[in-house]
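Please go over the structures that come below.
Presented sequentially are two complexes of subunit A, the first with subunit B as partner and the second with subunit C.
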Partner chain A sequence: MIWPGRIAIVLAGAALLGGMMQTAPDYNSVVQPFRHHVAAGGTGEARSFRARFTGLRLADRIAFRHFSRDLVRDSDGVFLVAEIEAEARLASQRLDAVWQGASGRRYALSRRAEGIPRGLESRWFQPGLSNRAVAVFELPEDEVAGGALVLTGGFIAVFDSALYLAPPALPERQPIIRFEP
Partner chain B sequence: MRHLLWIILAAVLLLANVVVAGWTEITDLRRAREWRVVQAGAAGAGLRGVHVRVDQVWAGTAPDLSERALVLVRLALRGPEPARQGWTGCDVSLRDAADRVWLPLISADSAGAVRVLSPDGEDNGRCNPVPHDAPPDGQEFLSDQIFLVPAELLKGARLRVSAWGTRPEALEFPVKPVLRDLH
Partner chain C sequence: MTETRRTSLLRRLRLRLAASVGVAAAVLVGLWLKVQDARAPQEPPAVTLGQAVDQGRTEITPLSLSLAPPERAGEPGRLLLRARLLNLTGESQFAVFGFPPHPPELASGGVVWPEPEVTLDRDGELLAQLHPRLAERVTLAWQLPPDWQPGPVSLTFHRQIFKLRDNLYGMSNWLLFQPAARMTIMPEGAP
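And then the complex of A and B:
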């Protein structure tokens, strides 16, 4: 009569262990930055920076000058140009941006727009000084409405904050946006 | 009694595992943080065989952006070459009373800004303790780092200097920039 009791204990232990293994979050999700959702037009306060989503533009093509060459980029989707104003709170730092589309997919900054004037990838933000920057994404048009701009401090935001900034009202799509120096 | 021995042995092994696994992280953390800061004066101070002195600090503002200022810090280092090797990765930062940190500007334009702000029009490059054209041991050599800061920091700030081989020790200097009229 002792055996059924022992077997039950072992089975219960195995079930508990299996349940824990199935539900334990993986490393990446454990160290995700803390989310702060910010309504359209509002200023978000992250641990190390504050930022505001000041403008949104959509275009079929973008044009800019880089290394003395005039460049025009077109797309099968749409170029989303996000304008932000940000300030570091603790130390000089850079910011990284991702567009989280309506489907939940995340779009990184477009490398085809590298070198645009005031581009976010080349911008440093200083404590006590507000600075403007432009983030350009290339994505399918149906990912724009219902999406959000996700800003993180630096490129490794482990245990840091992430601002989820709701966009301002969606604008009309323009044929081309030119970035002037 | 035999069970107790096993439990003690397991605890010792667990502790040893934590120490061995954590040692690299603790060493990395010590190399990254400035926990022991030595206050230095205008004459400068020595740390790990290298003498550091703030040679000059200049600042400039633009009339249409009066809330921000450019600050140029010219540092003078001297010391024997083996000691200077330990200063590789020299980090310089400005701090205010609230311990906010400003790092030097690194961009294509920063060298030009240094030349505009320095009265001699020279750019000595960023802090590099082992330059290829280092003078003989015992002679000072200069470096320039430029910062973009709020104008209120011109009333007074602290300059902190440390390196990979000095941390967690660092030197700190009070700085009061000399305002230059750039118009």
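And then the complex of A and C:
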């Protein structure tokens, strides 16, 4: 008579363990920033900064001056130039940006646009001081509509906020955008 | 009575022994097959120019291999591999050839050459990143060793494996480089 009881305990234990294993979130989903979705034109409040998506431009090519050299970059896709206004809330910090395309793919800041005036990668944001910056992405044109600008603080945004800023109205594609100092 | 009992015990023991030996043999053979599989170098499939090779994060299509004059006077000549690269993942890749970088390995006469310099054809600068769905033409340039005699060279492409849950943290990761393809080719422009 003792056997059915023991078997039931073992089965219940196995079922519980299986259930826990199936429902435990994995590392990738646990170690993520907290998402805040912000409608077009709105100001997003993250834990350590606040930011607003102020302008969006599209271009076939970009031109800028870097280390006394005039550079023109072209692409098979399109250059998306996102203008943001942000300020830190707690301490001086930098911001990182990614464009999450319509397909869900994530496009990092274009390294080919490094050195542009007011570029986001070289910008520091101070508490209480609003500052403007430009983020340049290179991506296929069909990733623009339906995408979002993802702003995170600093280098690794784990357990921090990530602002998903909806873009303003889509502009016409320009042949070239020149960044003047 | 005692005799019968002893026979029965012996038979049961023999049966259990046979079963244990069988299981142990199966485990050992399985383990040995794994070891053999891991240690026997497998020749990667041969590819030719124009054939795409999956490297894990990216796909490379070698287009041409040619000898070129030095970039600056006083430097050795160069061997140029022109290729098309496509990001296969869902995010911009900074480690186009994996991390640590494993660009195509060029060997001539059994000697492996140092890593090439990878430039983006579009603006002639070093390749820094590759975005999803935006294929790029690149040039991989090796400097010719001073004692090299023109002849066929072999190019080995490596692939990294994607694991959704690695064994350390259970996080997604790119691991283990393995030869994915090999190309033996005579560079254009060689006498």
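Assume the second predicted complex is superposed on the first by the 177 of 181 C-alpha atoms of A that agree within 3 Å, B and C clash if a C-alpha of one lies under 4 Å from a C-alpha of the other, contacts with A are read in each partner's own complex, and residues count from 1 in each chain.
Simple rule for what comes next: contacts are C-beta pairs under 8 Å (C-beta built on N, C-alpha and C of every residue); 3 or more make two chains touch, one makes a residue touch a chain.
Keep in mind it's a predicted model, so treat the numbers as computed, not measured.
When the two structures are aligned on the shared chain, A:117 is found in touch with neither subunit B nor subunit C. Looking at the shared chain after the overlay, A:139 reaches subunit C, while subunit B stays out of its contact range. Contact with subunit B, but none with subunit C, is seen for A:92 once the two complexes are overlaid on the shared chain. Touch criterion met: A:74 reaches subunit C, while subunit B stays clear of it. When the two complexes are overlaid on their common chain A, residue A:42 makes contact with neither subunit B nor subunit C.
Touch criterion met: A:107 reaches subunit C, while subunit B stays clear of it. By the document's definition of touching, neither partner reaches A:18: not subunit B, not subunit C.
Note on subunit A: of its two partners subunit C and subunit B, the one contacting more of its residues is C. Overlap of the subunit B and subunit C interfaces on subunit A: none, as no residue is touched by both. Residues of subunit A that touch subunit B in their complex: 89-92, 122, 124, 126-129.
Contact residues on subunit C toward subunit A in their complex (touch as defined above): 90-92, 94, 120, 122-123, 125, 128-129, 131-136, 164-165, 169-172. Of all residues in subunit A, only 26-28, 31, 71, 73-77, 98, 104-108, 110-112, 138-140, 143 touch subunit C in the complex they form.
Within the complex formed with subunit A, the residues of subunit B that make contact are 67-68, 93, 100-103, 105, 107, 148-150, 152-153.
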